[in-house]
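Shared between the two complexes below is chain A, which has chain B as its partner in the first and chain C in the second.
The block that comes next holds the complex of A and B.
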């Protein structure tokens, strides 16, 4: 006897068909491989990145022939020799690394109280304000933000106009190392706060209350309880800020007045201004290596922070 | 490639070149005649893409060349404002991979274009009919044939704010070393335009370029003590406008445009001379034949007296066709050289020497300025 239509509705039949299609396309015995299959897009992306790096590595061992503007057929270490021995590249590399350390230090010092207040405040309005203030810069591109500083800090900018109200002559606030550091700190602050806030959230408030009840004032509690427990966030935030600062392009270009180049600016010049793809590649590879070594040292010294990997040193 | 295909290319190209000659001759006679000739020519593309610099530069090109070309041929012109340095690797990659290049015509500095010519990615333009009516300036120095056609010249002048020079305009590049100008001067961030006058101001000679540029580096090191700002064309205008600088080494066109927009500015060619250079138009290899044909027609059109007059009135620069009328404000201006006497005050170094040494010069300049 045929079952009534209502006992096995049509949409069940559709699902049956879909199930059979899925079974054909991805048999049950493959189920264990599903997590690996989900990694395919990531693997592809990384593979493309590695392919680019391999290509760049190859170019880095070839020199530019200025009679033909073609790369040499032979391999040579000449680009690396230039990158490692010429004063210009050394001074730019030194400037980039020192700036990234300074920016990281300042950003963390500013970001920790911001994140702490955002996490611990009892006022929902204040929390919302701090969150909006944190996310608002993400809606404005880096270049626009840097341009904003040109308007505010320029010779005829708001700050100098304010100084003028008191009869003070205008001060050159832009186009120097300090301006670049300032611009980078402002750009990096939201990244740092976003990395530190989860670590602070994970610290039970009761621990701070316990420290208080044992006689520790707020400063001692902050120093001996909060900061050590927030270390994973500090390490992760520090790493993100340091690597982004080290490789930044727009802010040194816009706020540095052309005399405060970072490595990225120099690499750009090699690729696009002098058409020397070989030297540009060598500088890029060296920057990747130096950055990776720096990250490795930080992992070794401070652990991986909230970027923690199972089995890694805490 | 099959033999048949291989043999067919030169035949087609010859016929195309023949028709270019016919069309070009007609263009030289009258726009209406040109329109009739074009009707017999290869299939027209929907548009031709011309890379250009933005602002008043592209406005002038549009007014002088692109609009009239469209009027004559019905082919739309799209201006691609990608930076000249950034389009270059894209074109080079396209040619190397036998892909169609991203643009039809590149409006480029002659120095940059020379690199592309040396690399062999430029089409030969020797067969453009209107070349016969141009001055020697149209021919790129140090290259065979016409892989580029220079379309005008320009001068890297010493631009200054008159109110900052109450005793009269500066007369020498050495005036930039005046202590009152500390932090108030600007140069291009790769030093372009400044290397050669610096060589003279530093006590050297032009004959020593490129063998001994030490006088230039010594002078640039002195200028470094003045804490100059380093930037590109738009930066100079902004810096003058915002009161950040009082003097700069920049192209006269930019100063003239800023002046037109109400910024208090003027310029001089200092006693040591000023660098004179050229820009040009070229076509990358890899275009379909009909598009190559019309791209060549575009450049040919840019060499007509009418197109040059309007285009270069906008830029305030001397062209490569004799008999152009200088804009009123530039008559007898040293930055608008037209006579042999005018050129005596300017410094012109071959593009080939420049491209061969550019990388070293840029590095040296940056080493001094970034140190």
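The block that comes next holds the complex of A and C.
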């Protein structure tokens, strides 16, 4: 018996037709391979990255012939010897590493209270303000932001003009190590907060109330309950900040004014100023290796944090 | 000013009183979560605050714990006013609704936490933790991570952690709500055993009336932020203060009518053309002739008049029609419509399981009860 018309409304028919069309165009057996097919773009991207690295590895073993400006066709370790022994490169590497440690430490110390306040505040207005304040710098590029600091901290900048109002002579605030550190902290803060906030959100407020009722004041609650439980976020945030600082280019270039170069700046100079592709490649490879070792040590010491893939912990 | 100084003294500085709540109110914006709550709890007693969700029971408990300060009134613990004392300086053990065990610590570390915060020495901490693990029957489980323990074991860790520092007061914020029935009943008795063993004054919050009746020395029934009744469980059940309490505890039927006469404690009223009588409910009944009234009667106090029972055993006999039959295992519950009582719907338990008779919907039966079991509000 034919079912009554109301039992089979028109929009069911339309969907049935659509389903049949889909079935012919994309048979079900294709669907099984779909998740794998979706990986293709990622695999391509990674492949290109690896191809680039291999190419760099190759040129890092060739030296530049200063007469012909061509790369040698024999392999040598000369570039690595220079990169590892020359004082200039050593001091740049030390500067970059120490800066990345300092920046990470300061950023985490500032980011934790910020993230905590953002997650725990009862006031929706304050939370919104903190979020907007956090995201706003993202809309402004790194270079523009560094330029902003030039305007504020320069010799004729806002700060010095303000000091001048009180008859104070202008202070040199730019083109030194602290200016670079300052700029980096300001640049890294949103990254750290965004990595830490989810870890704090995952801590039930009841745990803090419990610690409180068991005799812990807020400082000890923070130390014994909040920080240990937020560790995955702290490790992840710390790693992101450290690796981004270590490899940063624009801020040391602009706020350091050439006197505070990081490894990226030196690599840039090799490629685009002296055109020594070999030495540049060697420095790049060394930076990749050093960075990887650093990340590996942190994974070993503190666990993989929230960067871990499920099941990899413990 | 003199009034407030009077308010700030406990009713009588009675050393046997552990907790004294005096006219406590809590206001959020223009919502009163707790209104003018007052009660005294003697030391060593087990009090349950019973009420539906949103009744203010948890708010009251959190005020006693020190999470927030009451808008009005004062709370005294061992005779001391504590409104200005922060939670971490009150010696109160609390078991939270979702237990709030620290997931990054072992069972033993969780239990040691309050002792560590009190800076006891390592030896004392180790001994005390061991003792309390034994008390909650978790000896040997100290090294387990929290997520490696079952729900019941986690409950026990939470209790041990709340008690290990020998607090003045133990607060239970519905910690059993999430457990399945079997485990919940087991843990209720376990709470009772531990509480008796240590003699610690306890305040329990729950919406489970059975739990309140089983475990408590005293029950407070709350609704809409107001304490409706404070009594021993048996009295809260037998002599409900008002219709809310009568309805909230037990399976209760209501018959609505109009008062036709009041004689001492006995109220005569008329419902749907039938004259009934009951006893005036509550401590201060306000029933006058002609007033609307609701009469409450427990399901188990209404009998189905069948072969074994003769109608003359009951003062009141009415005729009803079975509307629904609910098989609950150990008993059968009938929903019965009584046309004589303005179509009142009564729930009645089957008290004759040996007969294996089960009335089907539509069957006509006779119901009987006695006037002393009816509370008129």
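Here is the rule we go by: the second predicted complex is superposed on the first by the 276 of 314 C-alpha atoms of A that agree within 3 Å, B and C clash if a C-alpha of one lies under 4 Å from a C-alpha of the other, contacts with A are read in each partner's own complex, and residues count from 1 in each chain.
Convention: a contact is a pair of C-beta atoms (placed from the backbone, for glycine too) under 8 Å apart; a residue touches a chain by one contact, two chains touch by 3 or more.
Since the structure is predicted, the reported quantities are computational estimates derived from the model, not experimental observations.
More chain A residues lie in contact with B than with the other chain of the pair chain B and chain C. In the superposed pair of complexes, A:75 makes contact with neither chain B nor chain C. When the shared chain is aligned, no partner comes close enough to touch A:8: not chain B, not chain C. Every residue of chain B that touches chain A in the complex is listed here, in rising order: 83, 85-86, 88-89, 115-116, 118-120, 183, 189-190, 227-231, 235, 238, 242-244, 355-359, 362-363, 366-367, 369-371.
Across the complex, chain A meets chain B through its residues 64, 66-70, 86-88, 91-92, 95, 150, 154-157, 172, 174-175, 257-261, 266, 269, 271-277, 279.
Contact residues on chain A toward chain C in their complex (touch as defined above): 204, 206-207, 209-217, 220, 224-225, 228-229. Residues 65-67, 86-90, 92-94, 96-98, 100-104, 113-114, 116-118, 161-162, 165 of chain C touch chain A in their complex.
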